[in-house]
Structure formats: structure tokens, C-alpha cells
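You will see subunit A twice below: alongside subunit B first, and alongside subunit C after that.
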Partner chain A sequence: MSAILASLAVLLGGAVLTAMLSQRPRLGLLIAMLSILGGSLLCLAAALPCLVHTSAAQSIVLAWPLPLGEARLALDGLSAWFLATIALLSSAVAIYAWEYLQAELGKEPVPALGAFLCVLVAALILVVTASDVALFLLGWELMMLASFFLVAFHHRQPEVRRAAWIYLVANHLGTALFVFPLFGILAAKAGGIDFQTFQAALRNSDQGTTTVLFLLGLLGFGTKAGFMPMHIWLPVAHPAAPTPVSALLSGVVIKVGIYGLLRLLGWLPALSVSCALVMLVFAMVSGVLGVLYALAQHDIKRLLAYHSVENIGIIGLGIGMGMLGHSLGQPALVALGYGGALLHVLNHALFKGLLFLSAGAVIHATGTGDIERLGGLARKTPVNAALFLLAAVSICGLPPFNGFVSEWILYGSLFSGTWVGSRSAAWVAAMGVLSLALMGGLALACFAKVFGVVFLGEPRERAIRVHPTPALMRVGMLIPAALCLGIGVWPTVFVPLTAGGVRTVAGLDAGEVSQRIRSVLSPVGHLTLLAAVLLTSIVALGGIKRLLLRRPGAALAAPVVTWGCGFAQPTGRMQYTASSFAWSLIHSFRSVLWPHRKIAAPAGPFAVHAALESHVPDMAEHDFFAPLLRGVSRAFRMIRNVSWTGEPVLPAPSRDDGARVGPMRVLITGVATALRQGRIQLYMGFIVLTLLVVFFVESLSPRESAAPPARPAARGIEGTSK
Partner chain B sequence: MSVTRVIAAIPEAAAVIALPPLLLSIVVKTKAWFAGRVGPPWLQPYLDLYKLMNKGVVYSKTTTWVFRAGPIVNLAALLTAATLVPVLSSGSLFGFAGDVILVAYLFALGRMFTVLAALDTGSSFEGMGASREVTFGTMSEPALFLSLIVLAIGSKSLQLSEMVGSQLFAAWGTVGPAMLLVVGALLIVLLTETCRVPVDDPATHLELTMIHEVMVLDHSGPDFAYITYGAALKFLLLGSILLHAAFPHPGWPLWIDAPLRLIELVGLATVVGAIECSMARLRLNRVPLLLAGATVLGALAAVLTLTGSMR
Partner chain C sequence: MNVQAVTDSVLVLVILLNLGMLASSRLATGVRLFALQSLLLAFLPLAEEALEAQSPGIHAFIIAGGTIAMKVVLIPYILLRIIRTGEVHREVEPFIGFTASVFVGALLVIGSFAVAMRLPLPAPPASKLIVPVALSTLLLGLLTLVSRVKAITQVLGFLVLENGIFILGLLLLKQTPLLVELGILLDLFVGVFIMAIVVYHIRREFDHMDTHLLDALKET
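And now, the complex of A and B:
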């Protein structure tokens, strides 16, 4: 535990020091990155023993004179798993960012970025180790504010400012509307804000309360995690942020939403089957629509952001199966579902982090993230291409990489759900198998598109000059790459580490978890054997080919141009584009996606110009939130202007038709305009006035003086003030 | 698995490795018989492979190591899958609970690298073929997994050799109609994945109408031998899954089991050849409808099984 405190101290100290060194940006950046690296290593040192021994939760209480009592930190299997995920990715990002941000030195406020990165990592650590409501929400808020400033790094571009703003508003709406009420109810039930008391307090709650709590958690934490349709901030914020930030946002920040959901599920008693079905439906919709939208994107980071939505859907499938198993009393489903979901949390952090870092290296090398303009990068930046391919194969869930291991476990839970559960559960589990299979196929199509168009073939624009990838950026990317292959080839080492998390969420101990998994799937060691078979066959076939080509008479012919039906002078512009590659799939799913396509067809015998543009707008953004928020803003305008139409009652104090306005309306409008002077002193006066009125009313209230214990009142304040 | 089991599996493994080109030969012979021709010699596919292995290779200036790795990874993935699929006997070499998912994803791994190798050439034709391949591959996935759900519910197992093992006898008795639909869905998946009429025509000579063949236009020599052999092996593996699901054997000894399976495989190849002679390939925009049809078959089978298995 002290290692976690030390790491928080290192990170916050680093942040302060970096912020003070704004005149020496290079040194500041170095200090920031070193403190992130040090903090991450300290966290790993704290988390690994907890994961390996699956020991009981350790906790520490700091008796700080905070307004809401002492600060409690605790480390159990679930916290340790997320802590390890955060630490692994942040250390890779820190090494990468040191080189990546060199280009920004002198142009942008790099030390501020470094300081906020430190704060972000500290906030993440705080959120997953906090053991009371106040500290959790403090970390939660700190995380959101830090990432807001990080997203707004290139703040001179209007679209970046808009993205940061959407990020802030969407996440605060989710927090204010769902997370605060959730913790309010929890604190009211438990009579305190300590996480340890929640489970006992909820043991005997009725089905209605637990369902409400679960739905609040799903919507509130789901906004952070990016379940559809609350995902709209994700594809906007990720491309706007600088690459190390996008990697952290997608790799770990959205996972904190999953952490919150799992933490809540650990407190709740067995939920009804319908809650699990709601979770599974959310997950399936997020997964399939996420990857379909990803397929339609042309901007590499935006595409990866939609893939985060897909992968959150895959994690949600596991959580849903775990919940289903819990409510049906099927420990096998619980172990497989939660175990697979937890493993996928780590896996997604690794390969998505690597994909973002590699995409950042593409943008660093070429200056653009528009995949239609790129091509042929595999020959210019071979190492980066290999790393991207490794991550792409992992995210498609293909063997022998880590994505396959977690999807394999999830398939196990879904398949066994079709024969152990009730009929409705079997239906949804079968749908889950179907959607996971569809996601796998679509993800393959999508990453074949990205890798094929960006790295293979010929450059599409000759004018783009390619810079090599600096060495330290490659080192930073090698950490997640090695783990992707490691988990895929030796899952025996990594899969048992999820047992502590499963125990925290579902109360199964480690021996039971592995025993239950074994009732459906063979021990993961079999995957090692088959990975060995696969790799041996690759080496053997490669060796045979080499031997055949080494023989005399079988000489390698001189390289020629690609076969083009006899056309001998192909250019980069003649290649298949990303839009064309994806179009046949998008067209097949047109009833879901509603793609827009603008075609300027070539006309006449000597056509000079032809163009094709395809564009898939996000349904949740354009058809759900935009009308909703327009309605809300109209309602606010109505309040502000005291009128039903939303337009000002008196557009201007016009003199000639003043007689037609009745005295009541003049009075109301007059008061309204008098109150809205735009002077901050006046508004502060209003706040003071309101507070005075509140205190006055409360001192008058007879109930207050009659109520003997102070505890319920204090609880009420705690419940509402956070 | 013990050493003796591995040794006992060697003759079967040798047979599995030797068989695939023969199936191609049977398809070609059937087509020739329908057209009233004699057709090429029976061993022609083997001779073609031998010829290709002895040739040099030509690489385009555009290509990278991905192009060279494509055929190798594809064939390696299929060979790995071959250790998990029951072909002649009712067991598999390295089978384990959950291997069915690995088999499906090994096919996907092979597809990924074939597609990437095609995109590596920078040719529009190959890009087009790659796009079609991922489209139809994605669309056949739901049909395949729905069929697997039916088989998994029938056997309460995720090991392929058990899912299509002798207990399917019982499944044919209780949910026979569902099994019939599964066989239909698997047949369409087989024709799609192995690029056969009515989805793709391996004998076409126009690049614009090809799917699989256009993706491998630039491969030559040993690379192309790997690809040809890989396609035949994929046909053998998917065909075996189909046959084991369609004709479950109730635990006969190997000397009856294996020759019977061989006869069934020959029959399957003949049926595929007959399909190629009796119908034209579909227009490209009709193929998704066929695959949707396969998905519906699979969904109907799953519905029948789910309502049948739950009380």
C-alpha cells in the first residue's frame, strides 16, 4: 500500500515540478515522463504481489482533516488488476511521449501537457484504489478535468476546442445525472461513505432498488466507458488529443468506467435476469455498431476510437454473462464471463494503446492521419509497420495473440450460456455468439483496410515526405507488443491473475474459478501448444521455401511491376482506396448505417474529372443527442426569456408598438432583464441571497430542532453534496 | 496426449496431408464428365504442385515482406487447424475443449494474411478481390457460428471432435430438422470459404469477376504452390466438418470408419463438381443474399434446437 502512496506522491510532485519549469520545457518534460515511469513501476510493485497471491484486500486509512472525514485507500484483486493495466500502459506511453513531444517543444505548452499527464495518471490510480465515495469522486473529477486539458492541447484549432468541450459536457452529464445519484443512494443506504460497508448494506435490498442502482451505474459509468449510444464523445475526443493522450484515453481512461461498473456489481446482490439481458443488449449494440462505424471512417484515430466502442462491447458481453451466471446460480458462467471481461480489459489496453501509439508514429512520420492520402509506409518505417500489424492481428482476436485468449474465454461463456441457462438466457447467449462472430469478421475487414491502405502498396500522394520513427518511440511501443504476444503464447501465466478480480466481483475464490472454467474449456495451456504448432509450421514452411529458392536454376527473378492486365505503368493513384475497400460491406449494412455517398461520375468520351466521397454520420449523435439537446437548450431559452416560444418576449424596446404589450408582460420582462445584467457581482449576490434564504428557512423548520440524532442530517448532506 | 497416440496418428496425418489435391482432381473430373470430356489425368493437381515448387518466383517492386509471408502464414494456419479437425477417424490429433473457436479463428488468420498479401501488391484488381473476400468472409461467419451453436447444444461440448462425434446420432433423432438445416448452412459456408460456384468460379479468366483467384494473381512458384495446396486443404477440412455433422458414425472401428469417410469425401467432391456444372455463379450483388439465406438456415436450426432442448 505504501508503494501506491509513494507513486501518488511521485506523480503529484512531478506535476508540480513540471508546472514550475515552464521556462525549461525540455527538462520539465523529462521530469514529467520520469515521474510517470517511476509512479507506474511503483504501482506495478504494489499490484503484482496482490494479483499473484490473490491475498485479502489491504487498506490504508489516512486521517486527514478533510471535510468528509478520513481518506481510505484499498487494494484488492479488482483494483490491482486495473492498477496493473494502468501502470503497464502509462509506462509505455511515458517512454514514447518523450520522443513524440520533442517536435512540439517551443510551439505548444509542453510542460503543461506533461504536468497534466502526471495528474491524469495519479487520478487514475486514485480512482481504482479509492475506498470511499469522497476520494473516488475526487479522483474521478480530477481525471476528467486533467483529460479535458490534455484533449485541448492544440487549443488554437477550433475543432479541438469543440472536441474538448463535448468531452467535458458528455462526461459531466453522465456523472451528474447518474453517478452522483448512484452514490447518493448508496451512501444513504449504508449510512456512510465507506466502500467496505456497501455490500453488507445492500444485502437485503429489494429487486427494485438494486435494478435502479444497476441502471444508474450502467448509464453513468457506461458514459465514461463509451457504451452506445453514450459513446459520442469518444470519436470526437480521441482524434483531437495528442497521441500519447489518445492512447491513455482509449487504453485506460475508458476502462475506469468498466472498473466502476464492476465495483458496483461487487456490492450488489444477485440481480434479476432482465438486468443481465439489458447489459448484454447494450454490449451487443455497442460492439456491432462500433465496428461498423469504424469500418466507415477515413481518419485513423477516429477509426481506432470507434474500435474502442466495439471492444467495450466485447468486455460488456463478458460482464453480462457474468451477471447472468450470478442471477441463474451458474458459477461457470460467472467465472468465464468476468474472467474473460477482465482479461480483455488488459488486452484492449495493450493492443489499442499500441495501435494509437503506432498511428501516432504514422502521423509523426507523414503529418496526416487521413488514410486515403497514405500508402506504402511499410517500406519507409518497417518497424512501425510490423508493430501495427501485430496489434491489428491481436485486436481482431486472431491466434496466437492476446485478443484471441480473451475472446476464446468469452466464447466459452457465451456457448455454455446456450445450454446451462434458462430459455431467455440461452437466446441472448446465442445472440451474443452471433454478434461476437460478426464483430470478429468486421474487425478483420477493418484492420485489413487500415493496414493495407496505410502501410502496403504505393504512396498515394508523392508530396508527403516520410520521417523515420525515433528509437525511443519504438522502445515504448515494444512493451505492449511483447505483452500482446506473451499473453497469447503463455496464457497460463496471465489468465490465473484475473481470479482475484473475479473474487471481488462475484465472491468466487481462485480455486473455484479455475475449476469452473475447466468444466467448459480446457486449461489454457492447450493454446500454448497450438501456438507452438502454428509458429513451428510458419518457420518450417518458410524454411522449405527458402531451400527451394536457394537451389541452382530456381533463381529469384528481377523485381517487376505489379501485374495490371498488361498495363505496365501503374501509379499510386490507381490503387484501391479505403472507401472502395469498405464500400461493399458498408453497402450490405446500409439499412443500419445510412451512408451518404456523393458521386461525380465521369461523363463524355474524354472524361477529365470524377470523384467519389462516402461519409457515414453517427446515428446516436445526429438522430438522438442532437434533437434531444436542441430540445433541452430550447427549454433553457424559454426559462431565460420567460416565453413559450424560446424567443425573447420583447425583442427590442421598440417604441412605436409598445402600446400593444400588456402591463404584466412588461413587468415580467422588465424583471427578467433587470436580473440578467451580466455583472458577476450581481450573480454572486444572488448566491449569497439564496444561501441566506435557505439557512433562514432551515432554522425556522421545527423538524430540525426536534430531530434528536445528528446522523441522518449529516447523511443527507453527504448524499447530496458530492 | 501420450506418445503412442501421436505415433498412431501418423498414418492418418499422412493421409490428411496427401488427400487435398485428390479432391480437386475429383471436382475437375466430374466437371469434365458432365461436359463429355475426359479431363486431365487424376494426378494432375499433384504434378502442378510439383511443377510450381520447382519454379522460381517473381516479386513485384511494390511488395514487402507481408507479401512473402502471406502464403506461408495462410498454409501454416490451415495445417494447425488440420490437427484439430477430425477427418478420417472421429478423433483429432491435438483436440481440446474450446478448439472449435480456434479452428474458426485460424481460418480467419489465413484470410487476414491472404488479404494483406493481395493489398501489398498495390493493384486495383487485387484490392477489389480482397474487398470481396472480407465481405463474403464476414457474412459467412454468422452462418458458421449459428451451426456451431446447434452442434454445441447437441453435444454440450466445445471440442470439435465431440461436437461432430457419435452422439450426433441422438441429435439427428431428436432435432433432425435442425440438423438438416445445419448441413445446408454448412454447405453454403463450404462453397463460400473455398471459393466455389455459385459464389466464385475458380475457372474464370476475367480478373473483374474473380474473388479468390484475383487476390493471388501476383504469386508465383512455391508461394503459389502453398496457396493452391492451402485452398485444397481448406476444402478438405470444411468438408470433413460438414460430413461428420451430416453422417455421424456410431463409434465404428477405424478400419470401417476411415474408408467410409474417404468415400464420403469423394462423394462430397462429386457433389461440388455437379453443382459447378449445373448452375452459373451468382451475380456479385446476389452473393450476400445467398449468405443471408445460409444465416437464416442456421438461425432456424438454432431456434429449433433452443426450443427443443429447453423444457
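And now, the complex of A and C:
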């Protein structure tokens, strides 16, 4: 525990120091990155013993009087797992960012970025180790604000500012509408804000309460995690943020939403089966739609952001199966579901972090993230291409990498879910198997597209100059790459570490969890071996080919352009583009995706002009949130347009379509005119009136005993005086 | 005439002065009434200790002295000076008329008596009247703030409100730390000082002391 406190101190100290060194940005950045590295290592030192020994929760109470009581920190299996995830990825990002941000020195406020990165990592650590509501929400808000400032780093570009606002508003709406009520209900039930008391307090609560709590948690934490209808901030914020930030956002910040959900599930008693089914349906929708939208993207970071939605869906499948097992009393399902979900949390942090870092290296090398303009990068930046390929294979769930292991466990849980007795559960689990398979296949197609178009082939635009990837960036990327391979090759070493987390969530004995998972994992060893043999033989074949070609006297064919399609004088622009590569798949899913496509087909024998434009608008954004928010903003504008004299000050923004003045509008304008006189005295009057009502209600309400409630009344009076 | 009776009559006088302030249209009268009210209140800490059959300590004397120096002498002096130089003597066209505001004020006094009976308190008050008087002073101060237009009357409302807090403080904090009391007095002084400057500038800018025009900056 003291290691965690030390790491928080290091990070906050680093943040303050960096912020003070704004005159010397290089030094400031160095200090920020070193403190992130140090803080991460300290966290890892705290988390690893807890994971290995699956010991009981350690906790510490700081005599630091927060407004709502002391600060309590605790470290159990679940916290330690997320802590390790955060530490691993942020140390890699710190090493990478030092080199990556050199280019921004002098142009943008780099020390501020460094300071906010420190604050973000500290807030993440605080959130996963906090053990009371006040500290958790403090960390949660701190995380949100820090990442808002990080997303807004290139704040001179209007679309970046827009992305940052969307991020802030979406997350605050999720927090205010769902997370606050959730904790309010929990605190009311438990009569306190200590996390340790929640489980006992909820033990005897009825089905309805637990369902409401679960739904609040799903919507609130799901907004952070990016489940499908609430995901709209993800594809906007990730491309806008600088690369180290998007790696952290996608790798760990959205995982904190999953952490919150799992923490909540740990408190709740066994939920009804329908809750688990809701979770599974949410997860399937996120997964399949996420990967489909990803397939249609042209911007590499936006594409990766949609893949985050997909992977959150995969994690959600695991959580749903765990819940199902919990409510049906099937320990095998619980172990496999939650275990697979936890493992996928770490795996996704590793390979998605690596993918973002690698995409960042592409942007660093070429200055653009537009897939349609890139090509042939494998020859210029071979290491980066290899790392991207490794991460892509991992995310597609192929052996011998880590994605395969977690998806294998999830398949195991889904297949065992198909014969657990409950008929509807079996149906949904079978659907889950299908959708997981669909996700895997589509992800493969998607990454074939990205890798093929960006790294293979020929450069599309000669104007793009390619810089090599700096060494430290490569070192930063090698850390997650090594872990991806390590988890894939030795799953039996890493997988049992999730047992502590599963025990926290579902109360299952740690030994049983690892035994169940091991039984599912036994074929994995053979498959991994097979894949390893396959890979080595591919590498060996490549080596042999190169050797043979290098032999003196070998007749070399003239080099031609890849995918030249038999043209006599092919150019880079004749290659398959990303859109055309993905179009056949998108077209077959057109009933789900509603793609827009504009074709100006070439006409006549000597066609001069031809153009093709395709994009796929996000359904949740365009068909759900946009109309909703437009209505809200229209209502606000109606209130704003009424002046204190009763006449509209601003001409209502050109609604010349003969807008009908309905009774609702008349009512709203009337009330608004009455309320908004613009007089200071009137506003003071409102405040006085409110205070009076509160005061009279508080003092006149019947009380059980006279002595204890004296304090709130006294506080009320002081409040009036302020 | 024992101490109890004197205290009670002082408290009753405080309420009457409040209502008088609500009823007066002359600004200078209002300020003088406020000074008188503060003078009466300044003796309350002494009476409080006398009620508990102790001889008044140095603490009570300092508070009383500070209150007299600040609220009876200095602040009324500043306000009267503004009124003189600003050549504005009357409150015209308040939002709530004088008769009406006295009526509303009387209702508020009744309300605070009704509430005070039922208000749970940490310790029994020295006099039964303290809590209702404190509450009604508070509420009448707020009423002045809300219903009047001239900047001076706003300041006056704020000061009356502060007097209400002062009475409540006597009750709730038996031994108010001296530092806190003095801090409040200093706050008050600085507040009035700044408001005086603001009022002066309002007058220079608009040639009157109405707060009417202050809503011109309202967001549209």
C-alpha cells in the first residue's frame, strides 16, 4: 500500500514540477515522463505481490479529512489487476512519448501535456484503489478533467476543441445522470460511503433494487467504457488527442469504466438472469457494430477507436457470461466469464496501446493518419510495420498472441453457457458465440485492410516524406509487444493471476478459478505450439528465399509494383484503396450500416473526371443523440431568446419554415419571461425564497429525537447567512 | 428591572427598529436606525454574561467596543457621507411599497417566532427572544435586499442581515472566539468600504444610484 501512496506522491510531484518548468519544456517533459515511469513501476511493485499470492485485501485509511470523511484506499485482486494494466501501459507510453513529443516542443504547450499526463495516471491509480465513494468520485472527476485537457492539446484546431467538448459533455452526462444516483442509492442503503460496507448492506435487497442499481451502473460506467449507444465520444476524442494520450485513453481510461462495473457487480448479490442477458445483448451489439463501423473508417485512429468499442463488447460478453453463471449458480461460467473478461482487459490495453502507438509512429513518420493517402510504409519503417502486424494479429485473436488466449477462454464460457439449462440463456449464449466469431472475422478483414493499404504496396503520394521511427519510440512499443507474445506463449503463467479479481467480483475461491480456467486452457498449449511452428517456418521460408535470391547468379525478375493489376505503367494511385477494399463487406452489411456513397462515374471513351466518395455515418450519433440534443438546444434557445422586456432580442435563428407557435411554446416563453426579468433583486429574491423553503421544511419537519438533528439545522442557518 | 427584562426589551426594540427601517423612505433615517440598532446589539454580549451571573470579561468588552466603533460610528459615517455627496435622499419606487413591505415584514416576524419555537438548538438560549429576533432580523435584511432599488439600501439590507447573524452568533457560540468576532467585523468593514466605492462609481457613471441599469450587461 505504501508503494501506491509513494507513486501517487511521485506523480503529483512530477505534475507540479513540470507545470512550474513551463519555461524549459524539454526538462519539464523529461521530469514528467520519468515520474510517470517511476510511479508506474511503484504501482507494479504494489500490484504484483497481491496478484501472485491472491492475498486478502489490504487497505489503508489516511487521516486526511476529506469533506465526507477520511480517505480510504484498498488493494484487492480486482484493483491490483487494473493497477497492473495501468502501470504496464503507462510506462510504455511514457518512454514512447518522450521521443514522440520532441517534435511538438516549441509549438504547443508540451509541459502542460506532461503535467496533465501525470495527473491522469495518478487519477487512474486513485480510481482503482479508492475504497470510499468520495475518493472514487474525486479520482473519477480528476481523470475526466485531465483527459479533457489532454484531448484538447491541439486546441487551435476547431475540430479538436469540438472533440474535447463532446468528450467532456458525454462523460459528465453519464456521470451526472447515472453514476451519482448509483452511489447515492448505495450510500443510502449502506448508511455510509465506505466501499467495504456495501456488499453486506445489499445482501438482502430485493430483485428490483439490484436491477435498478445494475442498470444505472451499466449506463453510467458504460458511457466511460464506450458500450454501443453511449460510445459516441470515443471515435471523436481518440483521433483528436495526441498519440500517447489516445493510447492511454483507449488502453486504460475506458477500462476504468469496466472496473467500475465489475466493482459494482462485486457488491450486488446474484442478479436475475435477465440482467445478464441485457448485458450480453449490449455487448454483442457493441462488438459487432463496433467492428463494422471500424471497417468503414478512413482515419487510422478513428478506426482504432471503433475497434475499442468492439473490444469493450468482447469484454462485456465475458462479464455477461460471468453474471449469468453467478445467477444460475454455475462456478465454471463465473470463472471463465469474469476471468476471460479480466484477461481481455489487460490484453486489449496491451495490443490496442501498441496499435495506437504504432499508428502514432505512422503519423509521426508521414504527418497524416488518412489511410487513403498512405502506402508502402513497410519498406521505410520495417520495425514499426512488424510491431503493427504483431498487434493486429493479437487483436484479431490469432495464436500465438494474447488475444487468442482471452478469446479462447471466452469461447469456452460461451459454449458452456449454451447447455446450462435456462433456455433463453442458451439462445443468447449461442448468439454470443456467433457474434464473437463474426467479430473475429471482421476484425481480421479490417486489419488486413489497414496493414495492406498502409504498410504494403507502394506509396500513394510522392509528396509525403517519411521520417524513420526514433529508437526510444520503438523501445516504448516493444514493451507491450513482448507482453502480447509472452501472454500468448505462456498463458498458464498469466491467466491464474486473474483469480484474485474473479474472487472479488463473484466471491469464488481463487484456487477453483485457476483450476477451471486451466482445464479450458489445456488445448491452448498445443495450438500455440502449432502456431509458433507455423510462424517460425514462415520466417524460415522468408529467410531461405532471401538467401536463394542473394546467391550469385540468380536471375532476378524486374521489380514491379505490388497489385499492379497488369497495367503496363502502373502508378501508386492504381492500388486498391482502403474504401474499395472494404466496400464489398460494407455493402453486404448495408442494411445495418446505411453507407452513403457518391459516385461520379467516368463517362465516354476519354473520361476526364471520375470521383468516388463513401462514408458511413454513426447511427447512434446521427439518429439518436443528434435529434435528442437538437431538441434540447431548441428548448434552451427558446428560453434564451426571451428578453426581460418580453420581446425577443435576437431574431430567432431563421426558422422561416412557418414554425407553428404551439401551446407548449407559448407556455415556455411565458414562464421564461416571468422568470427572466434580468433584475438582480429578483434573482436574489429567488435565492431567498429557496433558502426560506429549505429552512422552513427542515425546521418544521417532524423529528424522532430532538438531540442529534441539531447540527443540520444549525448548518442551515449558517448557510442562510452566507 | 433585572437584566433579563432589559435584554428582552432591547431585543423587542431591535425588531421594531427593523420594521422602522423597512418603513422609512429616507436613506439617512435608515442608516441612523441601523446605527441605533447596532448600538443596542453591542450591549448584548455584556448582558449575556451578566445573565449567567458572571462579571463581563475582557472578551465581551472588546466585542462590544469593536461593534460600536465599526457599526455605530465608522460604517454609518461612510454611508451618510455617500448620501450627502450623492445628493440622493429618498428611496423612490421600490419593488415592494413601504406599507406592503412592513406588512410582509410583520408576517416574516410572525413566521420566525413560529419556527423558533420548534427549532432544535444545541443549548438552551439565554433569553427566549434571541432566536426569533435573530431570525426575523435576518429575514427582514433579506427582504430589504430584495425589495429595494437604490444601491445604498442594498448595503443597508446587507448590514441588517449581518446584525441578524451577530445575534444568532451570541446564542450559538457561547464563547465566540475573539478572533472570529473581530474577523467578521473586519470583513464587514471591508465589504462596506468596497460597496461604497462601487456605489460612488455607479453614481459617477450613471448620475444616480439605482441598480436598474445594472442589468444591461445581462446575457441575451
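Assume the second predicted complex is superposed on the first by the 583 of 722 C-alpha atoms of A that agree within 3 Å, B and C clash if a C-alpha of one lies under 4 Å from a C-alpha of the other, contacts with A are read in each partner's own complex, and residues count from 1 in each chain.
By our rule, a residue touches a chain if its C-beta (ideal position, glycine included) is under 8 Å from a C-beta of that chain, and two chains touch if they have at least 3 such contacts.
Nothing here was measured: the structure is a model prediction, and the numbers come from that model.
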Contacts of A:G685 with subunit B and subunit C, given as first, second, both or neither: second
Greater residue coverage of subunit A in the superposed arrangement, subunit B or subunit C: B
Which of subunit B and subunit C A:R24 touches, first, second, both or neither: neither
First, second, both or neither for A:R634, with subunit B first and subunit C second: neither
Subunit B versus subunit C as contact partner of A:L529, first or second or both or neither: first
Partner chain(s) touched by A:F696 [first = subunit B, second = subunit C, both, neither]: second
Touching partner for A:H53 - first (subunit B), second (subunit C), both, neither: neither
First, second, both or neither for A:M574, with subunit B first and subunit C second: first
Partner chain in contact with A:W419 - subunit B first, subunit C second, else both or neither: first
Sites on subunit B touched by subunit A in the complex: 53-66, 72-73, 75-77, 79-80, 83-84, 94, 96-99, 101-102, 104-106, 108-109, 111-112, 115-116, 119-128, 130-132, 134-135, 137-139, 141-142, 144-146, 148-149, 152-153, 156, 158-159, 207, 217-218, 221-223, 226, 288, 302, 306-307, 309-310
Touch list for subunit A against partner subunit B, complex: 375-376, 378-379, 382, 385, 389, 393, 396-399, 404, 407-408, 411-412, 415-416, 418-419, 422-423, 426-427, 430, 433-434, 437-438, 440-442, 444-445, 447-449, 451-453, 455-458, 520-522, 526-527, 529-530, 533-534, 537-538, 540-542, 544-545, 548-549, 553-557, 559-565, 570, 572, 574-576, 580-585, 588
Subunit C residues within the subunit A interface of the complex: 95, 111, 115, 118-122, 138-139, 142-143, 145-149, 161, 164-165, 168, 172, 211, 214-215, 218-220
Touch list for subunit A against partner subunit C, complex: 640, 643-644, 649-650, 677-682, 684-685, 688, 692, 695-696, 699-700, 703, 706-707, 709-711, 713-714, 717, 720-721
